[in-house]
Every structure is written in C-alpha cells, then in structure tokens.
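Here the chain labels run A, B, C and D in written order, and each chain numbers its own residues starting at 1.
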C-alpha cells in the first residue's frame, strides 16, 4: 500500500487528535504536529499552549500583518480563544518543564525501544537549534510522537537511536500512518494497526522489536 | 553625655538619610531603619522598595482598614508614589538578591570587624525568623547598619560576632548616635564622630579596634 | 473550564496530614475564607508553608491557634506569638527559611528544577547540614525544591477558566505557590462572568484546579 | 526618573565587543529601531544573546547579515540562514541552548543565583562537559548564569520612571533580560506622560536604565 505524504499526514494528525481528554493543555511542535489542531473533536475542549507565551491559541489571524503582537511559536499571527492568557518565556517554561502541560506532540527523526527521541540533529546537515523541544519532551506529562513510519523506506522506529538525542526515555506514544505504538518498560507495544497495512508490513518497516498483543485494534483516523 | 533613646534614634535616622544618591532604590528594615524615610532631603528623589512587592512606597495610608490591598512589609496600609509598581515575592527577591537594590538599612544586635552581621537570634529568646533580612544583606549593593552604639552599655560593635550571623562580611557602613564607621578590608575605619562624645568615649564603648584617621569629621545629623 | 466549587466543598478537600501552601503576606492577599472552611472541618496534622503565620486572629494564624498544624515552613513567625509558644512547648515543628530562598524553593518545585543555588545563608546557621557549592569563586547554598498537596490562593478577580488577577501587593507568594501544588484552589473576591483580558492575568488558569466561591 | 534618550544616543552606547541581550521571539516584541541604530554605527564583535536570530531582513537578524556578531547564544537559529552560513564558514561562534534553559540562565544572572539545575538536556549532547547532579534519584544538569553588558528591551508602553507594559506575546524574553544586564535600554512604542498604573506594569522601572525614543 502506498500512501501520499499528504494522506499519511492526515491519518497521523487525525489519530493523534483522539488522544486528548477534556481540558487538556497541549503544546504542539511545528510541522506535522501543528495539523493535529485541525482535527480535535468539536465537543472536546482542549487548550493549546504556545511556548512563546500564549495559552489558548486560536486560529491563524489572516487580518494581521508582520508586526502582530499576538503570534504563535512559528511567528505566525494568531487569534486567541476565550480564557486565553499571555505570559513571558519564564512562565512558559515553568509550565512546560514543571509538568503543567498535559501532552506535547512532536515530530521525530528516530524513536527507540527505550523511548529515546532524536529530532534535532541530522549529522552533516545544518542544525537549526532545539528551541523548546528538549524542555517539552522532559516536562510534558505525555509525549506523543507524530511521524511517518519510515523515512523513504528507512525505519524511524529503531532499537537504539543513532542520531543525537533530544531526550532520553521520555516518549510515551508513537503515532504513524501505519500503527500506534506505546512505549512500555517491556518495550514497544503495538496497540493499533492501520488496516491498509498487514502486520508483516508494519513489522518489516519497523527497526525495533514490537510486542504484538492478542487484541490488536484497528487504527481509525 | 547621656542621650535619650528617642534622641539617639533621631540622630541615627537623620544621619543615615544623608547616605543616598538621586534615584537610589532603598529597602528599609523594620524598627529604627523605617524612620530614615522621614529625613530624606526634599530635593532628593529616592525610591523605597518593600519586600512584600512594592516599589515606590509612600506614607502610611490612614484612610485604609485592615483589609487594604496595598501594604508595606510590616502589614501597614501605605500609599504609593507616582511611578510605583506592584510585583510578586519572586520579582521582589530577584531585585533584592540580584543586586538591583542600591542600599538597605537594617538594625543589628552585633556587627564585627569583618563586616559580619548578627541581627536575628538572641540565644534563649524567641526567634521570630529572618524574614527577608538575609537576602537583603547578601544582595543589596550597600548595607548600612543603623543602631544604637551600645546595648545598655554593652558594645554592639565587636571584634567577632558571638551571636548567630545573619550574613558574613556584607556590612559596608555602621551609623550610630556616636559615630559613623566604615567597614574596610583593613578593619573598622572611624569616619565621623558625634561632637557630643569624645574620641575616648567612642573607643571605650566600641568592642573592636577602630582605625582613627587624621581627618576625623563631625557627625552631623 | 475550571471546576467552580463552593468554599465549603473546597474546605472539605483538605484532609488530615495534608501539606498546604497558603498565599499572603501577613493579612494582605490571603485566602481567609478558605481557611475558615478548613477550621469548620477536622483536618489536622497539617504542614503549613507560608511567608509567615500571620496574627492569631486572622486566616492562617487561626490554623496555628486551633492546633491544626504540626509543621510550619515560613520566613517569619514573629507576628503570631502562638506559633512561638507551641514551638517552645515542643508541639509544633518550625523550619525558618530566608524569604528569598522560600520563594525560590517553591518556584523550583513548580518549574521542575532540581533546587536552588543561593548566596543567601552562607556563613550562617541556615547553611548547617546543607551542601555548599563554589561557583566561579563564590559560595552558594544548595536548597531543595518545595511542593505541596494543596495551594490556597487569593484572587482579586478570577474567571471561569481559572485565570486570576491580583491587585496591589496581594500578589506576594500567590503567583508562585499556584505553580507548586498538586491541587490549586483559588478564592477570588470576585468571580467574573466574562473572561479576564489575556494581558491582565497574573496567574494563568493552567495552574488552577478549582475556583471556590 | 529614568534618563529619556534618543534612539540615536542609545545606539551609540553599544560599543565594540559588547555582549547584548535582545528581547523578542522571531519578529514579535523586539526592539527593532534600537538595532537599526546600532547598524548606523560601527560596533562589531558583539555577543548576541537572544531566543533566535530572527530572519535576515529584520532587527537582530540584520546584525548577523551585517557581520556585527562574533558569537550567538540562542535556542534557535533556523529562521536565519545567514547564521548557519557564517557558522559553517567558521566566521561565527554559535552556542545552542534549550529555550527553557536559556531563560533560566538569564534569570539566574538577574536574580543573583549561582546557576540552574535542570532536567532538560540530560542524556543529550547538551550535557557534554557539564556537571550532572543527582538529586533524590533524578539527574539534573548544572547550567551557569548568563549576564550581559546591555539588554535591549521592547516595550508596548513605558513611562518616565522606566516602567514597562508589554501586550500580547511580546513579553517573551524581555521581562527576564531586563534583570540581567549592566545597562538596560527600553524602546517603547509609546512613551506615556502619565505613570503606568502600578497593577499593569510588566517590567518595574527599577530594572531599566534608559528609555529610548
């Protein structure tokens, strides 16, 4: 089964959007994770935290110009939801590092069996900086990785990360277009599988051992 | 020469009030140091910081009741000066510990030749707590001790403090009703003497060695 | 939306042997009605973390007078003679902490930091049995983070999202304590129907669990 | 009263080899006109401490493009390709710091603390050559305080006492940088004749040396 990049992203974002509880405070990374916000069920109230100092991120503010005083962490002008709050970077990382953010969704280059995450350095390529990602992964109560299952066929879920780590042992859940995998103390537990793929295909495209339970659910995006 | 307690306090407070520069930020301890505010020259603009979260303390607010939302560190309702700011205890001690307060004036039980200060525990007596004094003494750019020269004839300026310290080596200046003494790396330098007292009287009532310079000024309250 | 509960319900949340942080500097900016609710119930053996133990007649001062507290962590207890009396009688444990260290320890607890490195207390009895670290030729004391089961927070205004505005010198320890407890309860003077303006918020609602009215 | 100076005068204060903290998160809440003034003069070999190096066309991004900076300490440099280019060419030193660690290091500098004990960076290259401390069974990284010669601060409003109000997400690093530099210069969008209300002040004037208009 071949899915386009867009199809993959949509499946992943939609599936991640089901992971939250009423009232959760969530910080989304840039790129694919940002798209999760588009699929939150309408009857679920979650609060998006932006590390630059905003709780209650709304949607993109198309009326604003480059000098907007209300932006998200990507520098994009945004609206605010009722109940929003502004604060400084110090308070923002008190929230993030102090365990006051319920979940963060981040992309990854590699994730391994121990919940190690590598998402900030590709050796030999320009390193843009970790931004707030290292704090988010360490501090958020739940770390969800949203990424395509492979990088041009190369497994991203591996036995042991070979790329420089963003944080050690902090990942809780991995959501790809093929599967939902939980990081447990026993290893990687396969929870859901996209019926477009066979179990063999998922296992073959994963570079780490997967614990396959008897009751494997369908990944419903 | 015998001065009443009130006369001593007035001399000390008046003399300390001359120690400041235009724009200085000053935190006053409770008791005698508080009286310094009454003698600041009218053409000098200084800003009083109150450790409970107020910059720009005015005078006692006689119109307020016990539920006032603007108090000083003694819990007394106060007015604010133009340009005043409110802040939390965290910011208050960022100011104090971070060296943003130009001077603090505190009382003392003992001060010694090394600039050690003891002002929070009398052994055998009830210990009320150090409050913000330890932070103030460590953090303020200049620590001025305002106290009566002796405690019922017993020297308060000593070779080495015998009472538990509030901070080690932080005192810059000692102002009493008898003298103004600077703490230097060489020891205690007598700068001014109240003409109501002889040099011998000052030396006799001091429990530490005083360096007496040729040019001894009069203490003018 | 935060759970809006009654003061009575809030008071019942505090159970025996809880640790409670209580905002306020003497009588200014302190959740007095929440304390009264605690006193209506039986919770005792409390650990009280506060700037001071106020005066015997008011708010957290009454917790001392009514012997609900087994341990006090504070910067100053001099305004409540009952605290000293119970301490001298061996009925009450008292840990005195320099004010700036107290607020940093609470912040470290709330901000996920491992502790505080402060110059305050070096060369004094406060440093006894604590680790002293030399950094670039200057000595600093290592002080541990502080957290609590509950933080009882005063608010001048609050909204239904748990956002709080604090006026005047009522901010004091309220802002930092709101970050450092398992359950944070705000007692606002006024609960606003409309959300507070995002620019005027002193404590973002993310830190608050209950608004008690 | 704080010294009210012109932007041009403020720009001339920044001399060769100064370290400067610049507030702002990308283009939001950044003192752009102050940067332009620096560019009118010759000051170079600067150490730039900021959240990011913005984009090449705007404010601190232009300092990079114009090769005024010898070292950058930041959490992110990806939005300004020129930063990476000069780094790769060996013309620019870059120290990447996790954002939460950067803000805490600056705060430690401003608050007189000896450093930061953070769990962030443990097990990563960020921890290389740094001290790891185990506290109650968990590992923390010791990170040093950061101070600078100058802090260039954006203000939405300021008054003559140096008090600053920041609107929206413009607060970011401005508040904490204002505490950690030898000389703090605020560039307000609006200088108010009347003092700001004490309740609406984001940065108390005590931290500010100059208001540049």
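The working rule: a residue touches a chain if its C-beta (ideal position, glycine included) is under 8 Å from a C-beta of that chain, and two chains touch if they have at least 3 such contacts.
Bear in mind the structure is a predicted one, so any value in this text is a computation, not a measurement.
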item	value
A-C or B-C, whichever has more C-beta pairs in contact	B-C
Distance-maximising chain from subunit B - centres being C-alpha averages	A
Approximate Å spacing (C-alpha centroids) for the pair subunit C, subunit D	32
Whole-Å separation of chain centres (CA-atom averages), subunit A against subunit C	35
Rounded Å distance, subunit A centre to subunit D centre (Cα mean)	29
Of all residues in subunit D, the ones touching two or more other chains	104, 107, 111-113, 118-119, 167-168, 198-199
Overlap residues in subunit B, where contacts from two or more other chains coincide	54, 86-87, 93, 97, 138-139
Pairwise chain contacts, counting only pairs that touch as defined	A-C, A-D, B-C, B-D, C-D
Interface residues, subunit B side, partner subunit D - complex	23, 25, 45, 47, 49, 54-56, 80, 82-87, 91, 93-95, 97-101, 138-139
Footprint of subunit A on subunit D - complex, ascending	25-29, 51-52, 74-79, 84, 88, 96, 98-101, 103-104, 107, 118-126, 156, 166-176, 202
Complex contact set, residues of subunit C against subunit A	1, 107, 110-113, 159-161, 163, 179, 195-196, 198-199, 201, 204-207
Subunit D contact footprint on subunit C (complex, rising order)	104, 108, 111-119, 133, 135, 138, 140, 144, 167-168, 198-200
Residues of subunit A that touch subunit D when the two form their complex	50-54, 66-71, 73-75, 86-90, 92-93, 96-97, 116, 121, 126-135, 138-139, 164-169
